[in-house]
Amino acid sequence: MTDEQHFENGVSILKKMIGEADAERVRHGWREISPDLERLILEFVAGRMWARSALDLKTRSLSTVAALTALGRTSALELNIRMAMGNGATKQDVLEIMLHMAPYAGFPAVWDAMKIASQVFNAITEK
Amino acid sequence: MTDEQHFENGVSILKKMIGEADAERVRHGWREISPDLERLILEFVAGRMWARSALDLKTRSLSTVAALTALGRTSALELNIRMAMGNGATKQDVLEIMLHMAPYAGFPAVWDAMKIASQVFNAITEK
Amino acid sequence: MTDEQHFENGVSILKKMIGEADAERVRHGWREISPDLERLILEFVAGRMWARSALDLKTRSLSTVAALTALGRTSALELNIRMAMGNGATKQDVLEIMLHMAPYAGFPAVWDAMKIASQVFNAITEK
Amino acid sequence: MTDEQHFENGVSILKKMIGEADAERVRHGWREISPDLERLILEFVAGRMWARSALDLKTRSLSTVAALTALGRTSALELNIRMAMGNGATKQDVLEIMLHMAPYAGFPAVWDAMKIASQVFNAITEK
Amino acid sequence: MTDEQHFENGVSILKKMIGEADAERVRHGWREISPDLERLILEFVAGRMWARSALDLKTRSLSTVAALTALGRTSALELNIRMAMGNGATKQDVLEIMLHMAPYAGFPAVWDAMKIASQVFNAITEK
Amino acid sequence: MTDEQHFENGVSILKKMIGEADAERVRHGWREISPDLERLILEFVAGRMWARSALDLKTRSLSTVAALTALGRTSALELNIRMAMGNGATKQDVLEIMLHMAPYAGFPAVWDAMKIASQVFNAITEK
């Protein structure tokens, strides 16, 4: 496949996961700080990794939320909580997988991550 | 519930996930370095966290493997690969969720984790 | 012991360390994002770990502040600075143990942590 | 050499890298939260480590930005982006070395770091 | 470009950096634990990221060694020390950039990384 | 003070904490991989940070062990367990502060650290 095909796949996967408006908002944020960042995320992360068929999207999403909770990465956690919900996870699933991280990454990581989840849930409800 | 009940639950959950012989081997390792470590892992991690019904065990396992890959925790990764397989994940699932971590935790974390997975798979086959 | 007894112990330990008003404020924050988070922190972290008699509370507190400085966990650092002072540490002790982390976790971790300490100290003085 | 000489070296190295006004602003921030932090950073980090002749300052700067991107240290990242530019790196160099971290520390670390770079670049332009 | 072209670029870049024999040894290690890992590293990490022209290879290498020192990733550190030397860095440059990490990632990270550097240097000399 | 005075202080502090034979063994290890590493550790880490009077050595040691447990730094953990015991901590204190890290850094970090503690304790007993 070509880079362009991966890019197109990535764009359509992102849209399917978080909706067209949100996808455009997130892409705009990447593009503004670095067009290369936007391109590589869409081609490689969305278009290559999320396009793999081996595991279902909900399992990928919850595992990603788990890892980002452990790593404490703020911006990506916010996005991946939205992606998880687009991939069929409920709010309760998201909080549960974060709580499951308590004995593995520690309660402080869970606390920080749940604060972000809480903001995302509020933002979704307000719309 | 009492601590003792959580402990008994933890013991039986661990056995169900990795088998009686392996459970005894792992518990012996914890007990030898710290009886309190063994007790708290069985009561709290196995008996409380893994006993929760909200998410299926395979999703919990793959998410834990994802997070431990990101954190680079050697001993727990070895154990959780075994647990994942006891919870219905195939070797391919384990490698796939590790690979999925490449854009989130970096390829070096994936490489180190897959080396451990490789050793666990070999150990299982040799038995 | 039962979960409920650990919970009651955790509640009273937290109150003793940071005072009734602050304990309620912190618990409210946990409860709002996840009642399970509040319960597990009070039962397990406060009621089990902080209830252990083997080391004095001030040493536990300063060690926790040291580790949270290294890990960069914002919310828990703010709480544990308050706990440290409730357990007999002075502002100078808190800053000193953070500074001691410079050769172990790097100056950037110390800088970020001291900014939080500074905010906590100001908040306490203003009351 | 004496501590005082390292201190003086550190002060003049910092000024040379980010300019007198910015150096004073940053030093004031350190001093306000801990005079010992200011002194050790100037004596040891600036006056000892950055005074070493073995590698040129631009390479040191880009390597430091790379490591702080991986570690996610906010305050020091902001400072070291300014230092990198004072040491001859362009905005494009800073973004490029951050992007280079994507396969090593993950895209989420790059995203968070580029947001900070973006703010620093805007602050510089506005002056 | 196509995936195959990135792959071919990645293979030739890796060979140029560490030599044909070493490149084959490393690729064999990846392939054995996961053919997908080998392919993605060659296509994306070597063929996309290292193929970018914006920064010279020596600067990229030393920055990568700096970040891997901070992150403590064993296997990738060993490889990137070899790559750095293939990209024109001397043993002294490698040790210097590791030492430069002391105030940023802490001395313990430097110590662990220098042990690996020491083993790589010995392995090279013995050949 | 001069660098040389800090160095001499660092040497004598290290000897006092782990004994003359062990201090020489550790210094030899640093010197062999990098004479600059040995010098900076003795001057800055031992001679500056550990020479500060503000907190007692046992508290500093246990806090350092706590942070290194969280960070997973192998070589420094081994050394700091020995230092902690030289500073009056018992084996039980060392294990207790590691266990205290379970809710903050996760059980996997504690498990890895206790394995190292166990090896150090065995090595001490065998002598």
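The first chain written gets the first letter, and so on, giving A, B, C, D, E and F; residue counts start at 1 in each chain.
Note that a contact is a pair of C-beta atoms (placed from the backbone, for glycine too) under 8 Å apart; a residue touches a chain by one contact, two chains touch by 3 or more.
No experiment lies behind these values; they were computed from the predicted model shown.
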**Study point:** Chain labels contacting chain B and also chain E
**Key:** A, C, D, F
Practice item. Using the contact definition stated above, find the chains touching both chain B and chain C. Key: A, D, E, F
Review point. Which one of the chains is farthest from chain D, going by Cα centres?
Key: B
Point to revise | Comparison of E-F and C-F by number of C-beta pairs in contact, larger one | key: C-F
**Study point:** Copies chain C and chain E touch via same or different residues, half shared test
**Key:** same
Review point. Just how far, in Å, is the C-alpha centre of chain F from the one of chain A?
Key: 40
Revision key, fill the gap. dist(centroid_CA(chain D), centroid_CA(chain E)) in Å evaluates to 24
Practice item. Just give me the whole-number Å value for how far the CA centre of chain C lies from that of chain D. Key: 30
Exercise for review: Averaged over CA atoms, how far is the centre of chain A from the centre of chain E? Could you give it in whole Å?
Suggested key: 29
Revision key, fill the gap. Residues of chain B that touch two or more other chains sit at 40, 44-45, 68, 71-73, 76, 99, 102-108
Revision key, fill the gap. Seen from chain B, its contact residues with chain A in the complex are 44-45, 49, 52, 54-55, 58-60, 62-71, 73, 76, 92-93, 96-97, 99-105
Review point. In their complex, what parts of chain E are in touch with chain A?
Key: 1-3, 40, 44, 48
Check your understanding: Mind pulling up the chain F residues that touch chain E in the complex?
Key -> 30, 32-34, 36-37, 40-41, 45, 68, 71-77
**Study point:** List of chain D residues in touch with chain A within their complex
**Key:** 72, 95, 99, 102, 106-112, 114-115, 117-118
**Study point:** List of chain F residues in touch with chain A within their complex
**Key:** 102-108
